[in-house]
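My questions will all concern the structure given below.
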Amino acid sequence: MAVLGPNRYGKAETRVVRVTRHGDAHRIKDLTVSTSLSGDMTEVHLSGDNSAVLPTDTQKNTVFAFAKKHGVGAIEDFALLLARHFADSQPAIHHARVAVEEHAWERNGAFGHSFVRSGREVRTCVAHYDGTRSWVVSGLRDLVVLNTTNSEFWGFAKDEYTTLPETRDRVLATAVDAAWRHADASQGASQDWDKAYENARGALLAAFADTYSLSLQQTLYAMGTRVLAECPGVCEVRLSLPNKHHFLVDLAPFGLDNDGEVFFAADRPYGLIEGTVLREDAPAAGPAWE
Amino acid sequence: MAVLGPNRYGKAETRVVRVTRHGDAHRIKDLTVSTSLSGDMTEVHLSGDNSAVLPTDTQKNTVFAFAKKHGVGAIEDFALLLARHFADSQPAIHHARVAVEEHAWERNGAFGHSFVRSGREVRTCVAHYDGTRSWVVSGLRDLVVLNTTNSEFWGFAKDEYTTLPETRDRVLATAVDAAWRHADASQGASQDWDKAYENARGALLAAFADTYSLSLQQTLYAMGTRVLAECPGVCEVRLSLPNKHHFLVDLAPFGLDNDGEVFFAADRPYGLIEGTVLREDAPAAGPAWE
Amino acid sequence: MAVLGPNRYGKAETRVVRVTRHGDAHRIKDLTVSTSLSGDMTEVHLSGDNSAVLPTDTQKNTVFAFAKKHGVGAIEDFALLLARHFADSQPAIHHARVAVEEHAWERNGAFGHSFVRSGREVRTCVAHYDGTRSWVVSGLRDLVVLNTTNSEFWGFAKDEYTTLPETRDRVLATAVDAAWRHADASQGASQDWDKAYENARGALLAAFADTYSLSLQQTLYAMGTRVLAECPGVCEVRLSLPNKHHFLVDLAPFGLDNDGEVFFAADRPYGLIEGTVLREDAPAAGPAWE
Amino acid sequence: MAVLGPNRYGKAETRVVRVTRHGDAHRIKDLTVSTSLSGDMTEVHLSGDNSAVLPTDTQKNTVFAFAKKHGVGAIEDFALLLARHFADSQPAIHHARVAVEEHAWERNGAFGHSFVRSGREVRTCVAHYDGTRSWVVSGLRDLVVLNTTNSEFWGFAKDEYTTLPETRDRVLATAVDAAWRHADASQGASQDWDKAYENARGALLAAFADTYSLSLQQTLYAMGTRVLAECPGVCEVRLSLPNKHHFLVDLAPFGLDNDGEVFFAADRPYGLIEGTVLREDAPAAGPAWE
């Protein structure tokens, strides 16, 4: 017989821009917010009785209203605020998950009211709240990095389908997709999330640059451990690193050598290296990664 | 102290097209294959020692070589074949995950050698193999469906941020993203995966159409239970249904009524309904959904 | 000194879905409509005086209102209706361009109210109207086709950078982007645009299939001439055909031959063949292609 | 009778990355190059005789070989170099068009070999060469800018479908797609294209910021004239500015005012403002914009 398993529902990708005006010097926060609620949802699935269902339209309205009432500081604080509101105010909602993406802008010259979208990575976070406890994962995606040297790949396993030559010098490039779990998210909103973000981002960039790499896995592990070293509140780091292959072009047919100078940047297929680095004493993750 | 947690690596999105020629009547299979391997990978992360690492380039080669040697039938069989090869032939590889997407083509007229890409949904599968056991999840994505009537939404929870009016007639549209777990994947490749696929697809479409819907959750549950009813080998169904909002346009300012005739198809935000339906006696999922 | 050159403005990508109910058998038309107006627009550019500017928001409203008032038949008729309205009703608007894309749906089983998005190509049209004359271009995009044989490529020019081997048998695949100009668009809306569309689409597909191809240019020309042959009202055809390369995989390192069986479908770069076929006596195109 | 009209063919989107090593301080140029050739192409269309056709594969090889032999400086120089090569070295090729996009990278910290992809706009150029004359258009796309104030929209034309209220303060945002034609491209490669690019980019940003805007058309014209003022060698500017609507959210139902603080960033539809600003004495454009 069929039974209902895990489920959740919400409003995905609400695009909210919050402007703050301090005299002529304005500030903008540009977010994409996705909310997901779960709880006493058996009836709506079985019979279509919506009495436990706070509409996704209401969730969207709440995002806009909270942006006004509370302002938008660090996205982690905004996500926690929303998660707590939904689970604390709706009797049938026992768990809220709020994901926020932040799109970066820079000032356009000296003008206080004019901005240019910065192309830097997207900053992300996911907050969970179950009526008692909170979990927060911060992260980033689309941080594209490339090393022109200090990367080798050799000594790998070989079988009858292996044709790849070994190399002692290659371009290493990836689009970093990283997330890090905060050990102490339940202790309230007193954290300096922005500072933690800059620390983690800096650690990822530095470790990518200064690790002499024998494999992308080694670089991944170095990036994860560096985040743990730089961010005391972080207990676990997850990384997904596509190997954005830059193939050395064979110019020999044209009488030219190519000593690491001309590369073809390929689209697909690509290597994909995924891994986790965590503290030995990391607390259980609970729903943090869901 | 930092330790290495779960990890895997592989080649993502190898695009392989396999042609079979039976006289003048050719056949094509058009796949995107992603392989992920895991096992004794501590050293490569810690020191960059690649001796346990079968290159992702080799994985790609294997996809091409197997397409030649074994042909491509049902994608589930091809995925299992690859997964077993990697985990059985490489001592350091203890687990293989192979995901395949199939892009549909139709014959172009009566010509045996000419094809038109069909726009129907993408068929998907993920196979896992750990050296002993297998797990198979089949599925589809981008199956876009719409009902012009037989959908209501009312009686929902309301709070101070609720402005949505109740409705007794609305357009219901979604892009079905569904996956179903086979209970008996370990019993070998004797299944008729293609028939199972058509059964599941037919069940999803029929349940979407003939469910008088009071909420998208109710429709989701009906779709999941229908798959279980039509596919005896399936023990669990997971559905992710974006509510592709079609808003009734207010034409009153122009002296026109709009009795379910003209809609604005919105992009973002969108409702997102996610849920699982499973048999009471479904075996444990193991790594099937990872 | 700076002067204002050609300009236009409008509302792009209004997504309108029109439902028609004939008892239980409903019908849907799913369009993306883009309008562009031009005329006495010097002042708005120079001083910001908007008195000649019908807001783009109004253009969007008009699309919705016209879908209700006039229904939606062939997209060419709907585009012409809108173009004439804007240029005839607004004194400052002297020229209107309306582009419409149609997304195809099929019935979901025998249900009169349930539909499945068909993956076939997007049907397109662009209509122009200048207060007196009309121009109509119909077309399609994303019609992906592939021939497994009957394609060669050899005898080409060679220089010091040429390494491509000649081939007497290759896969030929493309995503057809085609548009055809109607000679007689000014004569009113009496045309059967839907029939013309099916004729042109059929001609493109048939010519792609039954042309034994020595180059994609030859196939392009055959497709264009076939449309002219099948569609008496069409005077010019423009085609843009990406050569979606399917490279024969070298399986020799694995002791396997590959006689046109296993291909790698590449993303980038791709060949791009663009060309025009027209009747000798085609009338001047005027603004039709703008 | 059918005749062949305008046509061209080439290799689109060759992704080339060029590394230059000056000791430990490396430099990278990351380009997407598209070449299009035309000339004596009647036979290949009519009979498939390829003797005039330099393969698109050869064009790709040439891009890579030239990146090695000549290095990559300003993209305009690289485009002209390629265009001249094709039209001067192949008797059947009478015209070459080369389009280049440049993706920006920044140094990753103080490391000479490590880079971060900058998210700033994509720099573009298109060069034409017909065996004698050259034409160069430079530009950019995806420069996303936003003003939080100093934008009004009122006094517009109204008809029966107009519902938009007038506003004296709105957010104005757009993704600038701009291209500017150089008057003197035939005079050889002695220009400082990089400096011209920074001048034009700076002019666009400054004009967007310091124009008090009564309509996006006015802003467009100001941006175009500013480029002409700052760049003496430029004779024509074309701009395509989507109006990325930021709608003020109605918070009144929640007892909140919203004085320019909370906005919904909409996707579609969007206004689209296109226009040209040129010098009175601009020379004829010839094929520059094709």
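Letters A, B, C and D mark the chains in the order given here, with residues in each chain numbered from 1 onward.
Definition applied: a contact is a pair of C-beta atoms (placed from the backbone, for glycine too) under 8 Å apart; a residue touches a chain by one contact, two chains touch by 3 or more.
Just so it is clear, the model here is predicted, and its values are computed rather than measured.
Between A-C and A-D, more C-beta contact pairs join the chains of A-D. Across the assembly, the mean Cα position most removed from that of subunit C is the one of A.
Centre-to-centre separation between subunit A and subunit C, using Cα means, comes to 38 Å. The distance from the centre of subunit A to the centre of subunit B, each centre being the mean of the chain's C-alpha atoms, comes to 23 Å. Each chain gets a centre from the mean of its Cα atoms; for subunit A and subunit D, those two points are 31 Å apart. With touch defined as above, residues shared between interfaces to two or more other chains in subunit A number as follows: 14-15, 61, 65, 161, 163, 253-254, 267-268.
Contact residues on subunit A toward subunit D in their complex (touch as defined above): 14-21, 26, 28, 30, 61, 64-65, 67-69, 104-105, 108-109, 111, 113-121, 143-150, 171, 205-206, 208-210, 246, 249, 251, 253-254, 256, 258, 260-267. Interface residues of subunit C, counted against subunit A in their complex, comprise 160-161, 163, 253-254, 267-268.
By the touch criterion given at the top, residues 1-15, 34, 36, 41, 44-58, 60-62, 65, 89-90, 92, 153-159, 161-164, 213-218, 220-221, 224-225, 228-229, 236, 242-243, 268-280 of subunit D touch subunit C in their complex.
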